[in-house]
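First, the structure itself, so that you have it in front of you.
Naming follows writing order (A, B, C and D), and every chain is counted from residue 1.
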Amino acid sequence: MTTRHPLPVGLVGAGRMGSFHAETLARRLPGVRLAAIADPAPGAARRLGDRLGCPTAYTEIGELFADPGIEAVVIATPARTHADLVEAAARQGKAVYCEKPMAISLAEADRAIEAAADAGVPLQVGFNRRYDTGFRAAHDKIAAGTIGTPQLLRSLTRDPELADPARIPPWTIFLETLIHDFDTLRFLNPGAEPVEVFAMADALTRPDFKDRGLLDTALVTIRFDNGALATAEANFQAVYGYDVRGEVFGSAGMLTMGELRRSHLTAYGPDGIAADCVGYDQDLFHDAYVAELADFTDRVRTAGTPSVTGEDARAALSMALAAIRSITTGGPVRIDELQDR
Amino acid sequence: MTTRHPLPVGLVGAGRMGSFHAETLARRLPGVRLAAIADPAPGAARRLGDRLGCPTAYTEIGELFADPGIEAVVIATPARTHADLVEAAARQGKAVYCEKPMAISLAEADRAIEAAADAGVPLQVGFNRRYDTGFRAAHDKIAAGTIGTPQLLRSLTRDPELADPARIPPWTIFLETLIHDFDTLRFLNPGAEPVEVFAMADALTRPDFKDRGLLDTALVTIRFDNGALATAEANFQAVYGYDVRGEVFGSAGMLTMGELRRSHLTAYGPDGIAADCVGYDQDLFHDAYVAELADFTDRVRTAGTPSVTGEDARAALSMALAAIRSITTGGPVRIDELQDR
Amino acid sequence: MTTRHPLPVGLVGAGRMGSFHAETLARRLPGVRLAAIADPAPGAARRLGDRLGCPTAYTEIGELFADPGIEAVVIATPARTHADLVEAAARQGKAVYCEKPMAISLAEADRAIEAAADAGVPLQVGFNRRYDTGFRAAHDKIAAGTIGTPQLLRSLTRDPELADPARIPPWTIFLETLIHDFDTLRFLNPGAEPVEVFAMADALTRPDFKDRGLLDTALVTIRFDNGALATAEANFQAVYGYDVRGEVFGSAGMLTMGELRRSHLTAYGPDGIAADCVGYDQDLFHDAYVAELADFTDRVRTAGTPSVTGEDARAALSMALAAIRSITTGGPVRIDELQDR
Amino acid sequence: MTTRHPLPVGLVGAGRMGSFHAETLARRLPGVRLAAIADPAPGAARRLGDRLGCPTAYTEIGELFADPGIEAVVIATPARTHADLVEAAARQGKAVYCEKPMAISLAEADRAIEAAADAGVPLQVGFNRRYDTGFRAAHDKIAAGTIGTPQLLRSLTRDPELADPARIPPWTIFLETLIHDFDTLRFLNPGAEPVEVFAMADALTRPDFKDRGLLDTALVTIRFDNGALATAEANFQAVYGYDVRGEVFGSAGMLTMGELRRSHLTAYGPDGIAADCVGYDQDLFHDAYVAELADFTDRVRTAGTPSVTGEDARAALSMALAAIRSITTGGPVRIDELQDR
């Protein structure tokens, strides 16, 4: 360790995800201190801070970035603000952890990456599945060659409840949901990069919102440069719970990932066998959300390099943008022909 | 093969189990012919024979045994008649397959074994679980040393429906149900023999029948001569279906056996995860019931030795009788002190 | 039943699948008789017939079709011969069961369907998964509305061993393997029809055979007219065994199908938890293969209508041809624009 | 809440379990403060305290109990010291959480319970499985009548590694390991109490230590006053990992509990299906260990009554002592005839 005092971290965005990260910073990580919270909504940062014993609250995010007592920031604001905030924080010399997606255009992503590089600060992105025990073990086995060369991959995300469609920006299913699956596919096909993308999508759950651009069901096919073929699949209304699974079939074996059971309890009765489902992403990925901030803050403290980078965020974004383009054009889209929207 | 013509087999007992065996003999086994059926109930043998194209029906079982056109018999009558029928069939020189239990006293068992030995005919007993793919694979692994020395074993049987208690003889749970588990424990602890037995039992499902001697719930503890400790467990009213499981824990690993799912279909809905249960022993052990008769008839045709013997039946019976004695005395019972009831 | 004598059935094609069907006709189906076998390979029909007690063998398939003692035929020859044989058998007034694919062009399929209609004979096609307990139960639940409207479907087939690539015709993965998955997707999305198909495929297992047109890995995306999006996926070298699975996600729940375990035995040791895989399609679908011939012969005997029709075969073929077209053109293909190759 | 300042808690015993509890008190529980640590081993309390930012360390446990700045204590010392420490802490007016077993004789247990009652302080005992999500959900379902009346129960514990046998006190398997299972059986059979106990045990893993009284394999049968029959089973060397499972069969259904998989990753290869096992109790019960201290400290802060009481500890101890007696006498032992060793 290069620092011995607790690392002072500032949290930006006091919403659902931000509150969870705030608790992690305040309580779950030895050697870390939640030093300030910023949220433009009046009182939000203060209320969260009071609950967690955090001394400082800002409604101006820029003030937190300018605070010399802060060494690292965790950005958990709405997606469209991410890239600018990464850039601003990096310019103030802060180490940056940013929730996914780090950017929603390639130009933005490039500016954010460049700002961090120019400032010489670490930049980590919130692809939490990389920190889940099962997905990580799968990655490690694949990287070690256990299942040979990946040939067919699958990653899916089904959210238990459709948030108010009126508040969801267009293309959310690609930019905010499937972005996880795009990253997972790259994570589980180490060293390979996507070449071509074809997407189908629809508004099946809420057809009335289709004309506002809200798609709630999507199926994306991707060809990688090592020949592997992959699908990423998402839906916004899984009535049974939170469903995240992965599968990698290779020349020497297969790995499957995903847990739909809430606990190890199984019930047997006149109607058959029954078990409860996982209901919520913060149940399913609780430990992974903690582990990613632990990894980020450890690397900041030890001057290490982040393991999930701005480049990873850009690559997943490319896949999302190609999928959106594919929906628009009705045909497959090559990643290398992709230009910004 | 020593014989080239289809082996003519006679079936004794046209009830539920007998009918299944009759179908197997008539249709499922190449090289085997269902040549005659005997059942004392007027018309029962004839009706079953008509359905299966079997030419000969008897109401006198002795006539079937005396029929020179029959080389082997399958005995599927009520348990209390088994040993005498084995003896009678063997005396007529027939190869004998007998449903479990082969006998309900040690003296009877000894007479049946001796009759088969004197006549030089093969005698096989219907412990069908030995022919189930999973239980057999477990046995083979254990015999090969895969899990080291067995230390803790478990075998259980739960029947989905209590037959009319008024028609069930006393001690049925030990002599007809747990007899399977006692044999399974010996099968899964190869080479070891039971030393001491302790049993608890009760009439929990139908307390009103307790004074008639009907016990519907039993838990038996057994110590084997290789140190292994085992439980056998039975119940007569599993509302969720037919439940047969096994477990062997050894110095180098553990094996578990048992399938409660009816098929590979799993349903996920707002109430969680659901699957159907196995409902019936002839669903669960369909293939095992066929395989045991295939093995029996093969060995008869090739003059081989049966793989489940009268001695196996006697050993399982000893455990059942020791369990009954334990219920009567309230204390543990040593197998070597066991004398016949 | 309209006939009381055993239904005389002729088998055409004495290869691997044909031999299994022959055993089923000879032994496993009451009320059915294997009356003749035809195979052009000298001695093949005779040898199989001798083993099963079938009296008549032909090397000219046309002679079997002309045999007045035959009421129904089971066609299990190579795929490219199917449609012509269906046509020829129907013209001789035989009820026809034909292995999949029934045809490899739409024109052929139409001729076969028309021939059966003209002759007034039943025509059933060998989509055996429809007779598997789990897949059938899934279909029934979906048809009953249990999971609402299907939105995302998946069907996959992975064969355990690549047959000699030199002997595999081009496009086999679509016409002979994925044809099962295309039918399964229609079966599990009852009433809906495919609208658009996009496919990616490659020769990943044996790249050296790619220039001969052998593709061993394929991923197909399908849009149905009820909005559902589906994937069909195949590979020719699953080192772990025979892998057939299905999944249907709907507005009110999800169903998963597929069994990879060979038995209910699980082993626990220092290296973790282990179980054996299913190795072979005739293990996995043994009961389904029997059930489909039982259904076919029952319907022939009772003058019923087949439940898997020539039209079903044509619909699955359309999806396969659209996938092949998609590979050729590199873009999505609409079913209604499909013209024959 | 009756107190607003963080609850100051003292930890007694800085070993493996104590260190885990110390981390929980220091970091994982809002509203709680690890105020002091006591351990007689020189430097042990100080080292642990330094790591966790705990200001005060004692080598005299009595000094911690006398510290007026401490409101509650967590006792995690060796088992034989527990009861005396509970008594001493209670006399100083501290709320007491004590690791299991709370006592190793009934007289001791009674004194500890009485001391807490006299002092009017809460006394909670460390049966952590009651706080595991799956076991707790099972309890709740059973208490709600979901599976009717319990008839057959099973609880088992298999530890992955035999601690140095020379350091294990005699009867450990009953007093320290199976004590969990005895409590679990009571927890899963709510309102019922044990009536009769029969035990078999042996030194199968390390026969050389049998003459020192070390038993490493035990199987205990228990009859409850509602008729239910139960087994508790333990072994000290499960090569595959940490194995804790439960099963309750009732008149209206069955529940099973237990998780042997380390994560949701499954691997399929030429040797079949594989998954990793749980290796360690603090992996398996991590959340339960935290939840039990959260519950204890919440109840202390709100002046509530503990949910796992000294009386629960005494009841489980009675079962352990009856099992020991049964081993000594070779016969069943009635709980109501039990007198202290």
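Annotations
One rule holds in what follows: a residue touches a chain if its C-beta (ideal position, glycine included) is under 8 Å from a C-beta of that chain, and two chains touch if they have at least 3 such contacts.
Everything quoted here is computed from the prediction, not taken from an experiment.
Set side by side, the interfaces B-D and C-D show unequal numbers of C-beta pairs in contact, with more at B-D.
Distance from chain B peaks, on a Cα-centroid basis, for A.
Chain D has its Cα centroid 42 Å from the Cα centroid of chain B. For the pair chain C and chain D, the distance between C-alpha centroids works out to 57 Å. For chain A, the set of residues touching two or more other chains reads 239-240, 243, 252-254, 262, 268-270, 276. Residues 27-28, 30, 133-135, 137-138, 141, 146-147, 252-259, 262-270, 276 of chain C are the ones that touch chain B when the two sit in their complex. Interface of chain D with chain C (complex): residues 239-241, 243, 260-262, 268-277.
Chain A makes touch with chain C in their complex at residues 149, 151-152, 158, 196, 198, 200-202, 204-205, 217-219, 221, 223, 227-231, 233, 235, 237-240, 243, 249, 251-254, 330-332.
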